[in-house]
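Labels run A, B, C, D, E and F following the written order; every chain starts at residue 1.
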Amino acid sequence: MSELTHLDETGAARMVDVTDKAVTSREARAEGFIAMRPETVAMIVDGEHPKGDVLATARIAGIMAAKKTHELIPLCHALNLTSVKVHLTPVSDGETGVHLEAVCRLTGQTGVEMEALTAVSIAALTLYDMCKAVDRGMVIRDVRLLEKQGGRSGHWKRG
Amino acid sequence: MSELTHLDETGAARMVDVTDKAVTSREARAEGFIAMRPETVAMIVDGEHPKGDVLATARIAGIMAAKKTHELIPLCHALNLTSVKVHLTPVSDGETGVHLEAVCRLTGQTGVEMEALTAVSIAALTLYDMCKAVDRGMVIRDVRLLEKQGGRSGHWKRG
Amino acid sequence: MSELTHLDETGAARMVDVTDKAVTSREARAEGFIAMRPETVAMIVDGEHPKGDVLATARIAGIMAAKKTHELIPLCHALNLTSVKVHLTPVSDGETGVHLEAVCRLTGQTGVEMEALTAVSIAALTLYDMCKAVDRGMVIRDVRLLEKQGGRSGHWKRG
Amino acid sequence: MSELTHLDETGAARMVDVTDKAVTSREARAEGFIAMRPETVAMIVDGEHPKGDVLATARIAGIMAAKKTHELIPLCHALNLTSVKVHLTPVSDGETGVHLEAVCRLTGQTGVEMEALTAVSIAALTLYDMCKAVDRGMVIRDVRLLEKQGGRSGHWKRG
Amino acid sequence: MSELTHLDETGAARMVDVTDKAVTSREARAEGFIAMRPETVAMIVDGEHPKGDVLATARIAGIMAAKKTHELIPLCHALNLTSVKVHLTPVSDGETGVHLEAVCRLTGQTGVEMEALTAVSIAALTLYDMCKAVDRGMVIRDVRLLEKQGGRSGHWKRG
Amino acid sequence: MSELTHLDETGAARMVDVTDKAVTSREARAEGFIAMRPETVAMIVDGEHPKGDVLATARIAGIMAAKKTHELIPLCHALNLTSVKVHLTPVSDGETGVHLEAVCRLTGQTGVEMEALTAVSIAALTLYDMCKAVDRGMVIRDVRLLEKQGGRSGHWKRG
């Protein structure tokens, strides 16, 4: 049962011991998409410009959630992120909605991909919350890691 | 700018005033899916049975996250859920992975769809965290509301 | 020592027992001011319009802080606010800065003035944080209750 | 729009990237004042001595709030303070009330002025909460940074 | 596997559904003891009087922890306690230490024994923390429910 | 009054200043016991094997609580644990119940005994919560430090 690092030899959950891992510079980039009706996208942007606080609220929610990752994901280590950025790009052509991307950085002993994925997820849920009265059928799609640097596993990039 | 209930007439974010809404019985059901390689699914289940604490950890994370929704989604009201259930179903055929479903209940003045969606999202991220050392390419898909009852907007079910 | 409701007869702190208080509709309004240099105000607004996310971020911080009041103020009761609004008004004439006002509502057994005061304080600190690199000397002034309704003590308004 | 470090070139909020900043010893000292009626001050102190738990409760609230600063102020970095002190000085002459001062220390990459200011603000709100049943008109004044050391910006002291 | 209410028929953890339970007045009383050396007890009290903030700090910690119970105990319902009291009694004769008792009240759908037990446990740990530099061998004993009223199970008192 | 490091010379609580302490490798091990009726133990284990999610839930609760220690114990420093393990051993002979042990590790400036003790306490309370419907008389006993390494005070082991 020991192939999974988060389980001990009896299958019990544990926080992985990183005491002896090197402190290195880490970065992770994750993305996601929330599909909305075109009218909903139009309600939150006016061409290139945000209309009201919707995008700002989602951005702030994503940044704050990145800092809370270890309180949400039981076996994540607490860590002091040195940088969090959340980019929201409304998409009015093709499948309409908002594309989300988050980038987290840290100089530390563990990777920060969970932080980037959590920022994307919570920012997407915040968009859902603010638009749900007009568009209940929105769907959050394709939340995934794009790239990861630093640490023993080195550079990983989605193929 | 007033089509969105979470913005005032100047576009500023606000928590919607529900002081005068009726207290009714509410329920919401949401789902999502995390796509994994077949070998990864096999690591967390042995046929119908869980192997180790992976599924239990994700279930607990989802339940605890439902209770934290108002701390994560800026304009959500705090509320005292009367029931949270998180169902995880490993899928070994077709697209392999784990299907997630959450059901939340409340007797109160606001709906609980954000709580159900947050439970699904955080449970999925927890599965990601526990399996990422063996399967970095997992993708969280199709997080969405399935059904919603109670309140002025009545019964809604995904078509 | 018993004049203060939050102390028992030995002077020990306690959470006041509100079990038998009536459930009534409550509202509180509080204000504050953060004094900034005129150039700093100009950086966050362009006439009547916000420049960038500064005001939105402070607004969100204030709303989220109102929901956390009972985690910050040791003897405050947890409660489920039904409405929170935070209004920020940049002031470019006379003493320059930003005026803050928060309004909280609840149907419950305790007043919500601490929630309104906490929203104002944290929104002000957020403005301080975002502007401190250009204006370290900002001062937060005159955080105070303006008005309070509901409950046994009835209507109170600052004279 | 780039004069403010917390906004990117499009005006979007971000957590400032401190990955490459030096780890140095940091200290910040902040103050504030809560104006109370003389009778209210007399209720919480007996000459030089505290009466009951009021001052202790506010002190604890301030220390705990300093540790929560990054959860309250959206763009603040999480950090592990190495020292927090909160000094409360009842003032019975002239303008009566309680003077508050907080000192925070850290060996790290970011300053700790927000932590000191947050400690002062929440300690003041806690005093307000405990005394509000007898003195609703209290006012929190002049919350501000007094001194700051460490980091690239060096030593700053209020003139 | 269904004897335990917190597990469903497959053994999966769930938050018990209390949607249909009656709202009644609830109260729970719990106790515990932390054994200390006589010299340690003497450091925190002078006869009947507290010396410094040790007891006040533990009392505040216990009260605040009661409010956080649902964030700590995964399947506990969030609830809005209407009263929390924590009594600390230093014991200088016989087995020396501090006796702890907590009383919590609520008008609601679930019992509050976990809140009372959590208050006792965290208050005891806070005493441990403040005294550990002088007395590493302290032991927390006999944390248990004393009495419970309200709800379908009626009045229960330790025999 | 200065024998206790958490009080200043006036008896006021403070967070101990560790700014100048060395960064060393730290470890702490704590234990506790929850006494249950034999039938209750039988409900959560089937011989050596767990029945349902009870033990997993308590383990997760303990690990998550260790990360929250500084939010619960007022004067504890926030720190980024590098490892947390919680071991639960059901005991079916002699005094029946569950034995709990937690081990925490850190490379840092402060010890981690409070984190290990908090993990044990919250895991025990979680077991209490999940079994209380069938066994209200359970008692949590003998929560205490077993061993501590690292830091100026060196190696300490319970005699």
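Here is the rule we go by: contacts are C-beta pairs under 8 Å (C-beta built on N, C-alpha and C of every residue); 3 or more make two chains touch, one makes a residue touch a chain.
Going by UniProt, the chains are A, B, C, D, E, F = Cyclic pyranopterin monophosphate synthase.
Because the structure is predicted, anything quoted here is derived from the model rather than measured.
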Target chain E, source chain D, minimum contact steps: 1
Mutual neighbours - chains that touch chain A and chain C alike: B, D
Labels of chains that are neighbours to chain C and to chain D: A, E
Same or different residue numbers at the chain B/chain C copy interface, by half rule: different
Equivalent-chain rotation between chain F and chain C, CA atoms, steps of 5 degrees: 180
Between chain E and chain C, distance of the C-alpha-averaged centres to the nearest whole Å: 31
CA centroid of chain E to CA centroid of chain F, Å: 16
Residue list for chain F, restricted to those that touch at least two other chains: 12-13, 53, 56-57, 59-61, 64, 68, 71, 74-75, 78-80
Touching pairs among all chains present in the structure: A-B, A-C, A-D, A-F, B-C, B-E, B-F, C-D, C-E, D-E, D-F, E-F
Contact set on chain A toward chain F in their complex: 8, 12-19, 70-71, 74-75, 77-80, 108-109
Residues of chain F that touch chain E when the two form their complex: 1, 3-7, 10-13, 32, 43-44, 51-54, 56-57, 60-61, 64-65, 68, 71-76, 113-114, 117-118, 121-122, 124-126, 128-134, 136-145, 148, 156, 158-159
Parts of chain B lying in touch with chain E, wherever the complex brings them together: 25, 55-56, 59-60, 63-64, 67-68, 78-87, 105-107
Chain E-facing residues of chain D, complex: 53, 56-57, 59-61, 64
